[in-house]
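Structure first, commentary second.
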Amino acid sequence: MICLGLVALQHRGQESAGIVTSLGKSSKNFSVHKGMGMINNLFNDEAIRKLKGNLGIGHTRYSTAAASEVVNCQPFVVHTAHGALAIAHNGELVNCESLRREVLERGVGLSTHSDSELIAQSLCCAPEDVSEHDGPNWPARIRHFMTLAPLSYSLVVMHKDKIYAVRDSYGNRPLCLGKIVPVDAGHANINDQLAEGWVVSSESCGFLSIGARYVREVEPGEIIELSRNGYRTVDIVERPDYKRMAFCIFEYVYFARSDSMFEGQMVYSARLQCGRQLARESPLDADLVSSVPESGTAAAHGYARESGLPFGEVLCKNRYVGRTFIQPSTRLRQLGVAKKFGALAQNVEGKRIVLVDDSIVRGNTIGPIIKLLRDAGATEVHIRIASPPLQYPCYMGINIPTREELIANKLNADQLADHVGADSLAYLSVEGLVKAVQMNKAHVNPLKAGYCTACLTGEYPGGLPEELSW
Amino acid sequence: MICLGLVALQHRGQESAGIVTSLGKSSKNFSVHKGMGMINNLFNDEAIRKLKGNLGIGHTRYSTAAASEVVNCQPFVVHTAHGALAIAHNGELVNCESLRREVLERGVGLSTHSDSELIAQSLCCAPEDVSEHDGPNWPARIRHFMTLAPLSYSLVVMHKDKIYAVRDSYGNRPLCLGKIVPVDAGHANINDQLAEGWVVSSESCGFLSIGARYVREVEPGEIIELSRNGYRTVDIVERPDYKRMAFCIFEYVYFARSDSMFEGQMVYSARLQCGRQLARESPLDADLVSSVPESGTAAAHGYARESGLPFGEVLCKNRYVGRTFIQPSTRLRQLGVAKKFGALAQNVEGKRIVLVDDSIVRGNTIGPIIKLLRDAGATEVHIRIASPPLQYPCYMGINIPTREELIANKLNADQLADHVGADSLAYLSVEGLVKAVQMNKAHVNPLKAGYCTACLTGEYPGGLPEELSW
Amino acid sequence: MICLGLVALQHRGQESAGIVTSLGKSSKNFSVHKGMGMINNLFNDEAIRKLKGNLGIGHTRYSTAAASEVVNCQPFVVHTAHGALAIAHNGELVNCESLRREVLERGVGLSTHSDSELIAQSLCCAPEDVSEHDGPNWPARIRHFMTLAPLSYSLVVMHKDKIYAVRDSYGNRPLCLGKIVPVDAGHANINDQLAEGWVVSSESCGFLSIGARYVREVEPGEIIELSRNGYRTVDIVERPDYKRMAFCIFEYVYFARSDSMFEGQMVYSARLQCGRQLARESPLDADLVSSVPESGTAAAHGYARESGLPFGEVLCKNRYVGRTFIQPSTRLRQLGVAKKFGALAQNVEGKRIVLVDDSIVRGNTIGPIIKLLRDAGATEVHIRIASPPLQYPCYMGINIPTREELIANKLNADQLADHVGADSLAYLSVEGLVKAVQMNKAHVNPLKAGYCTACLTGEYPGGLPEELSW
Amino acid sequence: MICLGLVALQHRGQESAGIVTSLGKSSKNFSVHKGMGMINNLFNDEAIRKLKGNLGIGHTRYSTAAASEVVNCQPFVVHTAHGALAIAHNGELVNCESLRREVLERGVGLSTHSDSELIAQSLCCAPEDVSEHDGPNWPARIRHFMTLAPLSYSLVVMHKDKIYAVRDSYGNRPLCLGKIVPVDAGHANINDQLAEGWVVSSESCGFLSIGARYVREVEPGEIIELSRNGYRTVDIVERPDYKRMAFCIFEYVYFARSDSMFEGQMVYSARLQCGRQLARESPLDADLVSSVPESGTAAAHGYARESGLPFGEVLCKNRYVGRTFIQPSTRLRQLGVAKKFGALAQNVEGKRIVLVDDSIVRGNTIGPIIKLLRDAGATEVHIRIASPPLQYPCYMGINIPTREELIANKLNADQLADHVGADSLAYLSVEGLVKAVQMNKAHVNPLKAGYCTACLTGEYPGGLPEELSW
């Protein structure tokens, strides 16, 4: 079940993955399987059979150049004086350097540069003001860590027969709670029956595939304990009064899977709203609205509905083109080679096309696509991007290229249109984006809008720690 | 360029691939690179650099259980008394057993069971009635082979500085001709410049990516010679008078890439017409037309347009689910697990849905999808299949499961609806399909309709050779 | 140079290996390359080029079932408050469980079960009685660790521009010091010139291959500091008064390479002496003395010289038989299959043979060899083993099978002769072995004999810690 | 059993291997397993289980740069008009080019450049003068091939339930016959019992390991048929009257395993005789005779016995050094690095050493070994080579480097001694070699000496075909 859940989260990280399960009572009874690569390859029947127990945690990890090593695979398991602890972490500690210094000065050696080891070593030692005559007080240790580390993290921490689910007080990274619903015993094989259960996950998109239903999000600062007795909130750590919630808006724009739910709404719906808002902000007279499959489809449908223009497909994707690929010679590149896509020529010929995409990062792919459509006979190609220009790095868990690589730091919209050969190019505004993701939430006070838009505006929640100033 | 072309043909075969190039004059100057796997992996920079010459042929091969061996990779290179010959073959020889017997009785050993070796050995020996005082007469040898082997094949045969492109007299397998257009020398790197050139391919979808334009199809029975002097028809081998052309209709339905052109029309358009025809044949009162991404999308748009119902997305695809995968337990299967897809719940809730797909083969995947949509709140789910029931094996190059595995041989439409949990299920009729693929061709005389529909009707063009009777 | 040295130590461990080098001043300038497998495969040109600096440590690791994981590859690198520390360890901590408990109770998490991590975390924290106002006092920290951990270890610890070489106070595991001799500048390429340098190693056999000369052994309890200024003894930790030195005698018998020097004598010579002693203890009337190549050759030569019998080869080794191999059927096993060896039939026919080997562990291989010799015509085959019966486990770094697997715990010499089909079988006595390894050392007082013979006698130096009692 | 036999022949080729077995009656019932690599890796349990039948042939193939491809793995299987034929070939066809031309002009295509395919296609076609009204006459076809191809080959040809064993009329390549002896049924598992059987092999060294006994060699020109009824000579093809037998003398010198039997004598004995003869031809005053392990050991023992000097070991081999290895810098090479060997210093110090090796090819390894011995204290090092200088290429199956690479074509014995730093260096004479290999054969008329010494003398048996003249 954890494995199926991770398959649904594979888009959040393809570098490595792992699962740790627990037999409960004894602290020695962890089963661990971790490795480099995709879930499908890592978790064959044999690997799954070896994972014993009735609770567990899993993780899929991002591909970042710096630390693509086996030793950094999560969940991170550490042996403590009270038995083994397993930790999985979504996010990035903004003040990791100062946290690191503290741990090292305590006389603890660190064998990796990963945040997970840092969190683990932080939890291994009971703070002075935490009394533990009855055994380890994990919630108190977690609270202590949270007061030292403002963001960004969604965490699961497993010890014996309990899992703690933790979200930082800014709510920067997503984390939601689901309920596993028992199936009708009439049909089920007796061995397969499952009592009621609970699950937490960065995204809800895997819930249906494991027979679970979305219940609610874990609140910013909340520490939830999952055990045989269900779930209960054991603590809520507040953020500073003058600070607003800072949920990563990039999850809506790009990162999350479109069937996930955040704040009670489907990501697909938010993207469709972005397309509608974009049509309002940058309308056009054209024959056809289309998208770069599959990233821009939701927004393109939104644009089409709002504008009243027909939606139609203009590109066909080559399913078999991987990431690493032969470099065509200059001559072939010049031909506007778009080996990833083919043009549906008879749909395009003589048409004025609005092509919608979700975002522009380095700006490398859109030029060849426009060339391809013109070669296939399009008379005009207008680009509409359903998010604002991406301009700033993220220190909270999203892997954004350097400022120099971000095309929006080099060219404005008109220059970019020119550069890629579009007849026009327009972005969604930051205000428009915030409005769009709140469109379906009547109850949200837009003045209190709680989103982290740092990659778009450079305004980091809680400010940037000194160690990160650039 | 050949490599990029093969990437665009990767959907036609993922088991193995190869390229042979020729330096022209000398018969010893073939460069060969072949192997198991996908183009991306086989053809790295080094492999490509080693392929020298200015003409060449390439091939991607199908995954069929029986002969997944390196020795069967194409193109097949054979050394003859007149130098090396390279052959690539799309199709399957229906009378291979009798051809084989003839070759063996001539005292020739065969080291594989592949059709390519058989074709090669047939061409190695000049037939008695072919006089060759001036050197080998390849067109005459090819004609001789064609008279012995009625179908099915599209062939390319390379010798020294010439390539022969051959299509069987029934036109069963596709083959088309394209022109490589020189680019503006002003911008091009001098090394990358390319004079005019010619290309033949099973599908036209790769043409744009290599700077070529679709010219026409190679005609049934035609032998085209490509050389430094351009192309010319050197012979046309007729089929028996009483026989009609028999172009594989399954190429339209399923096999070809949607941006390819056959008979002057785009495959996507033909599929959209199938959807329109389906709406006429099996209309419905519903809230939403959708498709199983991405196979049914063109037909779904056609259905929506014809029926006037709105089109909307209901499924989100997990890009990272490969073919080999963990087997969920019965319990999880029962939950209607569709790990490949997620439901866009807020689009589905309370809706009556028409779900369009291009074909049903074994019928394994549709059930879990329906279950997923119902779990997500759909009130009705109706299945519409944009092709007739698939019931018979193909002996002409398409890898269709055994009759026992084909669900249409076990259940009729109503039984199948029941079996997969649909509110209704309807197929397109054979007549409807033939009509749909001719819809855009005003010039085609429908009475002379020239399609092989053997997998749908059991009527094999030219009859079944004795050796294949079952 | 480190890499070549490790190649010469490959016999000490084939599971994994690693090298860490240091650029000296800055604590961040470690280069690390580790992995599973043999030196030849792990250290290609690229890997070696990346290892920068002018000091470094390396390790090859044993194949033990329990912990064959990448995470356990040595050297172990740990980040401390004073910069990175790299540690390589030969041996096994007999009281690791109590050391582990201490570290955990200090609030430190441990992520592996390896001794190396334990040693590293022990060194990370300055003990209370060590004052460090001028920076870390590594020798004092090492001494502190040594007082807690009696045996068994030879250690190298690298920090910035210094390496500490440490041998436990019992001298259980070997460690020796060598001097790198500058070569004649007249011939040397300028880039290749090397000033004088120093090296420590578990065995001296690699010294010649890196241009070094054997100087002396590191003394039991000695802490040597290697730096730009040469080497100096910074401390000597004493063992309890009533305890004798306990150098592993199994190094002489089996483990070390025959060209290594221990205690001023060549291992080959010690083995030859064992053969001589064996001839005295168990003489025979025979035609030929031979050995199982190549393990018993030195002892066989000794036996031949002492007995006056001729030495001759009787077996030919198949160089290409690896470890994992096809299991012959019972029938073939019965035939006395010895696929690893062939018999030199014409040397064997009609002869009475004394076959000498260095040791018997499980007793599986000798039977088929005897059968092979008899099939080839030998009239008598007598087995002489140049070491006493192996009966007890080792907790100090040698990977000996379980007591149940050791044939000497199941059969005495006569029973074993019967079991393997020998005409007679005799072991060397423990006294004889100790005498033989001291034969060349006039200066050694045999009454103070300082060897660990635990695997032969069950007498563990320092007694067995409670946690290991069985 | 075939697999075990191939393991014993692994030294004859490590590039690829294969086994084909036959179920007998039906020509379709061949099981084939072939691939690149060593027997141990290719033939796991599963592979062996799939090989069905009670007769079969196997092959291990040489690593030659030109043709290291899967397609060249042997045995070669070809389908003929009379069913499948499997062929394995030891040797090289000296007139392959003219044979090739004949086959091609018959209208047969060849897909490889291997001799095996050529032989196969030759056998596929019945020659005009062979009448086959009762089915294929394989012996006649084989005889026909043998009259066209003088040498060099030992062949096994399998068809249905028969195997033909063939040796060329010069007896150039070895081939011998063995009898599989039934074992005592009292002990054998019923399934493992084996009736009497027959085996042919290039060398006899594998016979003991499969329960077989050496019977005799296949005679030059002999065609033996093996079947359910045992073996029988079906034909003997004579060589030209004026030609002598030409058995490859290099098999004795270097290639064969020392426990194999040729012409009634053990290869080890022949090598020992070479050492004796060498001592007679090039005697010395020295302290110790030793060898480069393990290639020169037999000859060194011979030299020691003849000269009366003591034999002793001076080098210790590193078992773990593979072929591909890190390139030491010039500095390290200069140090006389011999990473493959260590010096047994205490055996060498102050000694005058005769170092015997079997042959010198490129002369790269002996220099560093001499340097190593001098570094270890040897006062003199004299090299004695138990074969004549290797100067000419072989076109009959032995992979000898080019003339330019052979050190004997650049330096004479004295120059070479100088070059490698030896005090003296001497080869065995050609006459001495021929005498030595006949020493034990009282019955052989030395005037009729039947050896191919082409690589030593440039005199090719039967002369060189024009196509090979250089």
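Read from first to last, the chains carry the letters A, B, C and D; within each, the first residue is number 1.
Here, a contact is a pair of C-beta atoms (placed from the backbone, for glycine too) under 8 Å apart; a residue touches a chain by one contact, two chains touch by 3 or more.
Here the structure is a predicted model, which means the values were calculated and not measured.
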What is the minimum number of touch steps required to go from chain B to chain C?
-> 2
Going by the average position of its CA atoms, which chain sits the greatest distance from chain D?
-> A
Would you kindly tell me how far, in whole Å, the mean C-alpha position of chain C lies from that of chain A?
-> 50
Could you state the distance in Å from the CA-based centre of chain A to that of chain B?
-> 38
Per the touch criterion, the pairs are A-B, A-C, B-D, C-D
Enumerate the contact residues on chain C facing chain D in the complex.
-> 1, 3-4, 7-8, 10-11, 14, 38-40, 43-45, 48, 183, 187-189, 191-194, 205, 208-211, 257-259, 261, 265-266, 268-269, 293-294, 297-298, 301, 311-313, 316-322, 324-332, 334-335, 337-339, 342-347, 372, 375-376
Residues of chain C touching chain A in the complex = 70-71, 76-81, 85, 101, 104-111, 117, 120-121, 123-126
